Amino acid sequence: MASFRSGLTQWARKRSIWVFHVNAASCNGCDIEILAALTPRYDAERLGVELVPSPRHADVLLVTGTLNPLMRDRLKTVYEQMPEPRHVVAIGACALGGGVMKDCYNVGHGIDAAVPVDLYIPGCPPRPEAIIFGILKLVTGTPDPVMAGEAHVG
Amino acid sequence: MRRTSADPLQRLSAKLGGALHPERRTTLLTVDPSKVEEACLGVASLPGLYHLSTITGVDLGDQIGILYHFWEGRRFVTVKTAVPKTAPRIRSVAGALPAATLYEAEIQDLFGVAFDGNPYAGKRLLLPDDYPAEAPPPMRKEADPEKIRRMMKLE
Amino acid sequence: MTPVQLAELLLFPGLTFFVWLAFLFEWLERKTAARMQGRLGPVVAGPFGILQPVADFFKLASKEEIVPSESDPFVLRWGPALYFAAPAIGIAFIPVLGYQSVLYHPLDLLFMFFVLGFSTLMAGLLGYASAGRYATIAMGRLVVQYTSYEVPLLISMVTPAVLAGSLSLQGVAQAQAPLWYIFLAPMAFAVFILASLAELEKPPFDIPSASTEIVGGWMTEFSGNALAYVKLTKNLSYVFLSALAVTLFLGGAGGPVLTADSDVQALAYVCYFLLKLFAVGFLIFAIKTGLARVRIDQAAKVFWTVVTPLSLAQLALVILLR
Amino acid sequence: MMPRKKLGGALGEMFKTALEPPVTEQYPFGRKVVAERFRGRLDVDPVKCTGCSVCEVVCPAGVITMVPVGKKTIGSREVEVKRPSFDLYTCISCGQCVDDCRFGALTLTHDFELAVFDKKSLIMKKALQVGK
Amino acid sequence: MSDAPAGDRKETGAGLMQYSPEGMMPFGPVHPSLKEPEYFKLILEGEKIVQVVPRIGYVHRGIERAAQERTWVKDIYLFERICGICSFAHSISFTQAVESMSPFEVPDRARYIRVVVAELERIHSHLLWLGLVGHWAGFDTLFMWVWKDREHVLDLEEGITGNRVHKSYSTFGGVRKDLPEGIGAKVTAELGYIEKRVAYYKDLVQSEQTLTVRTRGVGRISQDTARKLSPVGPLLRCTGIGRDVRTEDPYAAYDEVRPEVQTSKDGDIASLLVLRLNEVLDSCRMVKEALEKIPSGPFKVPFPRTVPEGEAAFHVEAPRGELFYFVKSAGGSVPERVKIRTPTMANLLTATEMLKGQTLADVPVVLTGMDPCFGCMDRVSVFDVDKSKEWSLSGEELRDYGIEYYRGRRG
């Protein structure tokens, strides 16, 4: 029974990914691509990805931007509020290492200075497919999660 | 450049004891800091020139230059003044031109120029509230971005 | 209650059945909305993504539950169960096997009023207990909205009762064998659907849970198991209200008698019922997908100046006709 | 002229959309073909790279650092040989280095599936190996 | 449950509230509808908003300072990344400001290509905005449809420039690549589709009642206010003042491909919706016209790495209005000073003016008017003048307030 429960949980966690998004001083570029990933052309909802309005509901925190001092503490608070198991995904060159803003006086070098990051998606901005790929990689934990052979047409 | 509106500018400049430099697209009207409000109001009341594009702060070495850009048609009219770094203080034009409020607040934040009479006087607009007091305003030449980042514990 | 009845309550077509139905409803809702928006909707959880709501439920149930320190832990722990109980009990009174329901009382229509009010009350209480500020705002909105849609909802439920001359759901369903009340009292049906949208917090009346305005509304502070049950309850209420609409306006499980074999006929009744249920559900999510959210004062105005008079007029008409 | 007010004006279009095939792409279940000019991950050809440092100078994101990989004698002078190392995680794929590398050692590929669990694995040291 | 986390965490503070600065009432999520966070302090009298104090800086990065330490070419990429929505407007504004300071003539073909890409950007930006209005108004279907159609424009942009968002296409002396082969036919086909859809949306936003009740007469500004506060772009034009940099001070090839300036009289959110959609239609026409008239020839001239000493003020019409650049060069390889005034900065004050006299419930919708990124109402604090204390909105106060208010209205 216990193994059934845990199998069920594993199954469910791979198919239901609720994300919350924080803009920690980004340029909007990454943010619109996250939104675009949810819109009809890319439709991340196919994979069970849903954008939720509260960090309490979320499994995955998507962070974009260079993390300036005003947003740093706020990002930490949002992370605090997420229930376990929680994951953080850094999206975009800015969130990974400051990107093109690297030596501006008001930015940090990557959000991993504030919260532990599980997955990095580089790009400026990463295209929606890259974000979908990243989320899939996060939940499956495999290096190349693209299910080329599987024909899910729904 | 249309002569009709250039002439009133000349008159305004003469009245304020300023200097007028017509450049390619921009007519520069240099005045004393104490006359800025009058100059700005004078320019803004010229036909079509009511639009204040923005206010720019420039570090000129031991002075901070302040430029008020007005726009009409194919030209800019820029009122230019400068305040010394040792006493960076100037009267706000926000009372006469409300559009200036946020632009002045930005310069106050980034260059440390005090604008007397601006609603944001003494408040932060762009920088964090706990921006280190010992750090110089970030846009001044003497400010070192590396040091500021360290002071704000970003590294 | 006999043991047989108890078994019925727990198994088919009792609670389990309706819980699965609730999952199915959410899937249908998401899939239809997706298709109407030109998308595919869920596909990976089960065939055609049909298990998506199930996956959501079990994932949430396996997550950590955070109790914000300012909140009331007791209410937060047990509230969702009570909240769940309201539609779960209510649904047991719906006649599905022909005109038979699991639970029955001659005045059970009145009990439905209580169930509907109780579930809103619980939502408010849960929001209040979680002590979040968004939740508090949501509660204000919930109360305003509830006071405005409650009256027309009740009136629209009384209308079929007057027509049937009975205050029991079974009685109302039976009385519609010759003609469904949707044809006799179409306005009451319309009012019922509108009020249901408000009760379910669906657009255009999703004001208490408007995510772009007040985050998650009264659910903002919930996480883990509690959230799983709250979400499930919302879907169950969805099924419950649709079932109520079927019973009150679409002749319940009634339909042509196909065989003399009562077991097979019972199955036919269930099929009739489900068909009608999905029709009503579909109507609700089509409306929901196609409308924008209104402002709370506009919602209140619509209910007080249009919907309530409409429902009263329908009731008066029905009484005059009888 | 104002169009007539109506409630649920989107319903007709909604049913029309529902009956059309969805526009959703199959992406994670099939490869994606991107636009010809798409600027994806940067790649370096270690054979072509001469270690001239131009790319380090022009990169706006500070992605490139020149790493000494050995010494070489030209005539009588001994000079340090350097090769670029790329911190691709901050690369903004602008292509400026590609434009400016006179030896054609750099290209922007169409590769966009770059998500990694460890930021360090995005540091590209390919050019260093060959320089040795 | 074997892998369920052990033990429930207890936390201090009630949830999201901590997220807002100074612990005040945040209106709206921190989230999805992308946006730079901004913070508005609302001061209320009774139920009316009497004063609004904006506070920005949540996305302040210090770009202007960093620009002074980088070379001119690097700065193009930096400025582009001020914002991901009108990134091309930033790059053409900067490159043209610099070009105006030097004796080099930009080839005609490059000027036309800039018009094509800038107008495509306007189409994508306005569609993005419309979608977000739909999203804000709780009309997610509209959001999905519009963003679905927006992808067609992004395809074109990606085909021409190589990236969907940060195009990195304009450079000193022209553009970095020529238009791809056969783009004309593709553009005509895709824009034909967009035109059809936009005509439908125009009809929808004017007729769908749940939308019109939220937008008509809401957030009204008068011409006088607009003159005083110098807003830019659609926000200015919706009051009936037909100012548009593209016609008043043509840059790139706008003196040959002329836009029709769209204006509207009402100055409310509903008129902004229609105005922006009209602009999309006009932009579609302009893209096609530019591609017809485009001369052949080089698309770029070599440009030196230093810029002659001097100053230049330059502005372009970004999707959201006048985008202003002031560039000062000391003749070196780095700029002496670059000042950027983004449209949002100019419109901020007007948006606060629009909020005055509105009710609390209208805040989100009014802020949509200013920007695409109106989702940022995430930080609105409420102040009550009568009580002259900060209104914490935490307790029953708010509920009572809501009930009282709406009861009053209903009665």
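Lettered A, B, C, D and E in written order, each chain numbered from 1.
By definition in this document, contacts are C-beta pairs under 8 Å (C-beta built on N, C-alpha and C of every residue); 3 or more make two chains touch, one makes a residue touch a chain.
Computed from a predicted model, the values in this text were never measured in an experiment.
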>> For the interfaces A-B and D-E, which has the higher count of C-beta pairs in contact?
In response: D-E
> Which chain's mean C-alpha position is the greatest distance from chain C's?
Replying inline: B
>> Taking the mean of the C-alpha atoms as each chain's centre, how many Å separate chain B from chain D?
In response: 41
> Any idea how many Å lie between the Cα centroids of chain A and chain D?
Replying inline: 20
> How many angstrom lie between the CA centroids of chain C and chain D, rounded to a whole number?
Replying inline: 51
>> Using Cα averages as centroids, what's the distance between chain B and chain E in whole Å?
In response: 25
> At which residue positions does chain C touch at least two other chains?
Replying inline: 34, 36-40, 62-66, 134, 211-212, 215, 220-221, 289-291
>> Can you list every residue of chain E that touches 2 or more other chains, as numbers and ranges?
In response: 1, 3-5, 9, 11, 15-16, 29, 33, 57, 60, 62, 65-66, 69, 77-78, 81, 139, 141-142, 144-145, 148, 151, 166, 208, 210
> Where in chain B do residues touch two or more other chains at once?
Replying inline: 127-128, 138, 143, 145
> Between which chains does touch occur?
Replying inline: A-B, A-C, A-D, A-E, B-E, C-D, C-E, D-E
>> Can you tell me which positions in chain E touch chain A when the two form their complex?
In response: 1-5, 9, 11, 15-16, 18-19, 21, 29-37, 57-63, 65-66, 69, 77-78, 81-85, 87, 128, 143-145, 147-148, 151, 154, 164-166, 373
>> Per the contact definition, I'd like the list of chain C residues that touch chain D in the complex.
In response: 32, 34-40, 286-287, 289-291
> Which residues of chain E touch chain B in their complex?
Replying inline: 53-57, 60, 62, 64-66, 69, 100, 227-230, 243, 248-249, 311-313, 315, 322, 324, 326, 328, 336-337, 339, 341, 345-346, 348-349
>> Under the stated contact criterion, what part of chain C meets chain E in this complex?
In response: 33, 36-39, 61-71, 130-134, 136-137, 139-141, 143-144, 148, 203-204, 206, 210-215, 220-221, 289-298, 300-301, 304
>> List the residues on chain D that touch chain C in their complex, please.
In response: 7-8, 10-11, 14-15, 17-18, 20, 22-24
